[in-house]
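Next up, some structures in structure tokens.
The same subunit A turns up in both complexes below, where it pairs with subunit B and then with subunit C.
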Partner chain A sequence: MTRLRALTRHRLFFPLVCLLLVLLLNVVVTVATTGSPGPFFQISLTNGALNGPLVTILNRSSELVILAVGMTIVVSCSAGTDISVGAVMALSGAVSIWLLGFGELKDNGYHVESYVVPYAVGLLAAVAVGALCGAWNGFLVSKLKIQPMVATLVLYTGGRGIAKVVADGQIDKVDVASYKWLGNFIQDADGHNLMPIPTAIFIAAAVVAVTAVVLRRTALGMNIQAVGINNKASRLVGLRSNRIVLVAYIFCGACAAIAGIIATSRIGGIDANNCGKMLELDAILAVALGGNSLAGGKFSLSGSVIGAVTIQALTTVLYSINVSADQLPLFKAIAVIVIVVLQSPDLKPLLQRAGGVFRRLALSAKRAGGPA
Partner chain B sequence: MPDPLIRMRGITKRFPGVIALDGVDFTLQPGEVHALMGENGAGKSTLVKVLTGAEAFEEGKIFLGGSDTPIVNHSPQEAQTRGISTVYQEVNLCPNLSVAENLFVGRQPRRLAFVRWGEIRRRARSIMADIGVGIDVEKPLESYSIAVQQMVAIGRAIDMAAQVLILDEPTSSLNESEVRTLFELVRRLKGQGLGIVFITHFLEQVYEVCDRITVLRNGRLAGEYAIETLPRKDLVAAMLGRAFDDLAEIRVAGAAPTATTVPTVSARGLGVHGGVKPFDLNIYPGEVYGLAGLLGSGRTEVARAVYGADSHDTGTLAVKGKPIACSPRDSLKAGLAFCPESRKDEGCVAELTVRENIVLAEQTKRGAFRLIPRDEQEAIAGKYADLLQIKTASLETPIKQLSGGNQQKVILARWLATQPDFLILDEPTRGIDIGTKTEIQKLCVQLAAAGMSVLFISSEIDEMLRTCGRIGVMRDLAKVGELSGDELSSSAVMAQIAGGRHDEA
Partner chain C sequence: MMRASKPWQGLKANFYGNNFLVLITVVLFIAIYVAGVFIYRDKNFGSLNSFFDMLNSNPGLIIIAAGMTMVLISGGIDISVGSQVAMYCMMFAYFMENRQANAYAMILIVLVTGVVFGLVQGALVAYLNIQPFIVTLAGMFFARGMTAMISPQTIDITNADFMALALRRIQVPFGGYVNAAGVYQTPFVYLSVVLALVGLLAVYAVMTWTRFGRNVYAVGGGEQSARLMGVDTKRTKLAVYTFNGFLTAFGGFLFCLFSTGGAVEKAQGFEMQAIASAVIGGALLTGGVGNVIGSFFGVLVQTTIVKFINFNGTLANGWSNIVLAVIMSFFIILQSVFAYVRRRRE
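Entry: the complex of A and B
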């Protein structure tokens, strides 16, 4: 009993329950459509690539996992959210493709047929653009003390616009085979998969692992939380909170760029209108689902990762019951409301009081009905 | 005899890892001021919270008046409707609302659906005038000192109190005249037949206003006494569970600094525009230097300017003869430490654990990339938890779950853990029980004997006389004098504070 209570008190209990519920939903839908739960758990190896619903969910959640990692740090230390990450994904993707087809993009009908600059330079440029966007956000938040939501609104609206300018209003395509590796599978020259697991899963895992190790091996994790919880106290113990917040936003921007690289690689090009669209909301939702308070302070990275996978699983199940992309936000909004209400500290006393009122009503009803 | 206002019987309350209350009885009569005493973590605040519904409890019964049906308050609002109004230990008002709004939050006078702002302002002014605080009630609460904020909380509670008024360490940041005003009000309410519960660690105040005392020890009832039957030393023994002389002499006469000694900290004409006026201060190795003065006299401002928490506009500051840049970070690295007066605002990092809160400053001093290994962190935290007798379920408990006095000890531990050369303590014993208070005073003296310099600020002159070798006196944001050796006496310090006889030339 006490052990059960300790279990339910654990930070990750709620996020894991959510994940299991959504996976269960997936199973139910699979049963309803195919008559058995089997297909949902099926993992097959075809052409040297693992396939199956579970692999797809994990693969598709990669971008979100990476965004959620950056968002977690930002939320923790600045008690606000970075709503520009979706736009930053598009912008950094656009810049990197523009650079890869440097000067020849337009002549080739917006197709990159071979890299003008080395691929690695393109990737680094994307990350640099993301970091730069993050630095801008961080400057507005830490130096000018603008509310994070408002500060990042600038790039939320402007970022995509700049991305369109960079892409010249076109959908730029990259026809070099290796460009698709990051968003799909690593292949040899003949197009055979060298690695059965989608590359994006590795990238996401690497981002999570590196972040976790850095947070664990240094005092940064504690410092970020301290700044988010009590800024004045942090200043007195010698923490430079402005710098910590700035670095957090830069990191978040860089994460967005990495997610942008995966997203552009998946489709082999950049569609500035749709790349990373609405993902900022999913990232925030992932952080909240992970049991982290959006008011900042204590955070759990693993919670956010679980949250991100949960959202992707939810998206999958919604698509599989033929909810259209337009209706998707509505269902997510419902999920947000439920989560926020469940996490509210005021809920428990409210329920207790409701229980009390109910009991009193029942009592008076009994009394009224009794002796008469 | 009239019916008691409140009877609590066999109250038991558990938190994970601690039994905060274990079968406690408490009775409050009408027209009495009832002191609730005990060491830090004894369960005083918890008993109050259980009564007002701020915390739920597992066992026991609460009766009101002569009634034999037990009641349970589910929220402080519900307690309020039963005439019980409370000032909690941690002032929980809204800093960004105005004083008037804070006084009437949740009970705004309305006409139809509209809040009557004029009425609110008028009544707010009269409430504040009643408690002797003449301030602009339309300014945000955060623009006033902790003392004023505490008075606002008291004003609100008194205005609402119908039968019972509970004051949990209301006087911890008040000065003498404010305490006197408060006590007059308390006596008036008592005359009207209210019951008043008063929690404090100031024993003199207990003997000044209280009629009965209930003592808690480790969550258990240690006894209930009429004030006449419990002299001071018996009260201390009842709280600690052993005899203890909290007034014993502890000061050791340190060697007087010679002209050639390099001061640990030396300030020349240090001043802040609109803040403290330029002052000189030399503090030598091995001495405890006190700063006395009324609230708002500039004691805290001096400390903040020296530590670099506020930047100064004039003058220079040197540590061990070397000039120093002005920021908390530089000061920390130069061997300074500053334990601030407001533990909630500038001390506690609420959600972090006791261990993290203790090592935070030392970790920053070493640098974020040189993580103190986990076992060393535990050793540091454990050492100071023992030294200061911090009562906590474990070192991994979030600091916000500790009792007020124990939180204060953790913050103190944080700064001791940096092993500074110069330690600034601004009201370090606020809210700390009488046993540990003496320990802390002794510790200051010992640390100084080992070569450290200590700047000690306290509203209690007795406490400073017991620990300090020299005392600087502040008045109206200026340093007006310095006393040492034979000049040190309560009356001399008081006289300088008030600016009577020893007026500056």
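Entry: the complex of A and C
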């Protein structure tokens, strides 16, 4: 009994239950449409690539997982959200393609047919751009003490604008095969898949692993939480809180850039208007679903990762019951409301009070109905 | 300020206060506008028609920015307003065109829907203590999804009563110009602009001269202190979100009078435009500070920038976002400097 209580009190209990519920929903829908739960768990190997709903969910959630990792750190140490990550994704993707092709304009938009600079340079440039954006956000938040949401509103507004100017208002395409590796599978020259698992899953796993190791093995993780819980106090005990906040934002920007690289690689090009659109909100949602308080302080990286996968699993189940992409947010909203209301610590006393009122009403009704 | 023994001391305290930020916004707006008048002399930038155009295309944003400012002053945030506007537009379009609903009945229904929407959001924020960002994020998703549920199509409004309201012009007898064909263009505003300005003044009056308005400032300035002073903070928050729901529905109605149609993609990013207007107008997201009139000038500054880029004609549309971002940076850095100066003085 005590062990059960300890289990339910664990901070990952609730996020995990949510994930399992959504997966269960997936199974139910699969049973309803095909008659058996088999297809949902089926993983097949075709042309050297793993296929199946579970793989797809993990693959599609990679960008969100990476964004959620960066967002978790930012939320933890600055008690605010970075709403510019979607725009930073678009901007870093646009810059890397512009650099790779060096702006050769073809008939409709840029078509990069061969790299002008090595591929790695393009990727590094994207990450550098992301980090630079993060540094700007971090500077505004840590040095100028501007509320994170307002500070990042600047790049939210302007980032996509710069991306559009860089891409010249066109949808740029990259026609080099290797560009699509990161968002799909690593292939040899004949188009055979060399790696059975989608590359994006590796990247997301690597980002999570490296972040977790760095935060656990160094004092950084604890320092970030300390700054988030009380900025002033942690400065007084000798932490350079400003620098920690700055580093967190730079890291978040870099994460956004990595997510941007994957997103542009998936479609083999950049659409500055739609790359990473509304993804900042999903990332914040993932953090909240993972049981992290948006008011900062203690955080759980694994919670955010679970939250991100939950969102993607929910999206998958909704698509499979023919909910259109436009209607999707409605169901997401209902799920969010149910989850956060259940998580609210104020729910229990409120229900008890309501229960008390009902009981008193019932009691007085009984008295009124009894002998005078 | 009240304790100042000499008049100029109060003035000096005010200099670094919030009203000064509003003043800077006003000055900036006038500066940009006058620059536009000189740069685009040949394109009638300076005519009253051109100024009224800015108001005519933004009646919804004026009201929604005012509502947003109120929510920000209370220390909260409401990012659902853009999606809500899309939903209200779709309600108007769908029920009037596909269900032959009466236009005036629809206005009432939309306003009531707005109040209910705000009431639910407010209850979640105030009584369950869920962060406003998350609650209104869910509201944002909900309203956008609901818009697609009502109808995934783009519907244009042709309802006679509604279009009569939408096209109702109030003409001004002076300040026009003679166009290339030699015809005098009389400047005019739409009825929606008049409604928006009346609404703006009403919100300003409520925030300045009523107990509710002062409670909102108190709750935003410090919830604990407000509670100790005897303010019912939960009820105040509930009222703020409910009132904002009403204002959003009203703004959605005005927006619909301008755009006369419903579509899933309508009013995307509207919430950020409203927040940007409030920030340019001197509101702080930490709460307690802000001015509804300032946010109106925030709207005007944004609109003027877009107008500049449009009048130029050769710049990519990304530039208006970039310039807006630069102006926002300018304002938030200015706010930060003022906050620093204030801290130093204390």
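Quick note on the criterion: the second predicted complex is superposed on the first by the 355 of 372 C-alpha atoms of A that agree within 3 Å, B and C clash if a C-alpha of one lies under 4 Å from a C-alpha of the other, contacts with A are read in each partner's own complex, and residues count from 1 in each chain.
Please note the rule applied: a residue touches a chain if its C-beta (ideal position, glycine included) is under 8 Å from a C-beta of that chain, and two chains touch if they have at least 3 such contacts.
The structure displayed is predicted, hence computed values, not measured ones.
When both complexes are overlaid on chain A, the residue A:I334 reaches subunit C alone and has no touch with subunit B. More residues of subunit A lie in contact with C than with the other chain of the pair subunit B and subunit C. In the superposition on chain A, A:V154 makes contact with subunit C only, not with subunit B.
Applying the stated contact rule after C-alpha superposition, one finds that A:V213 touches neither subunit B nor subunit C. Contact with subunit C, but none with subunit B, is seen for A:S324 once the two complexes are overlaid on the shared chain. With both structures placed on the common chain, the touch criterion links A:L236 to subunit B but leaves subunit C unconnected. Judged by the touch definition given at the top, the superposed model places A:L140 against subunit C, while subunit B stays out of reach.
In the superposition on chain A, A:V165 makes contact with subunit C only, while subunit B stays out of contact range. Look at A:I284: by the touch rule set out above, it reaches subunit C but stays clear of subunit B. In the superposed pair of complexes, A:N223 makes contact with subunit B only, with no contact to subunit C.
On subunit A, the positions that touch subunit C within their shared complex are 81, 140, 144-147, 149-151, 153-165, 168-169, 272, 281, 284-285, 288, 294-295, 324, 326-334, 336-337, 340-341, 344-347, 350. Of all the residues in subunit A, the ones that touch subunit B in their complex are 217-220, 222-223, 225-226, 229-230, 232-240, 297-298, 349, 352-353, 356.
Within the complex, the subunit B residues that touch subunit A are 74-75, 307, 309, 328-329, 331-333, 338, 340, 345-352, 356, 360-361, 363-365, 368-369, 371-372, 414. Of all the residues in subunit C, the ones that touch subunit A in their complex are 77, 83, 124, 127-131, 133-135, 137-142, 144-149, 152, 264, 272, 275-276, 279, 284-286, 316-322, 324-326, 328-329, 332-333, 335-336, 339-340.
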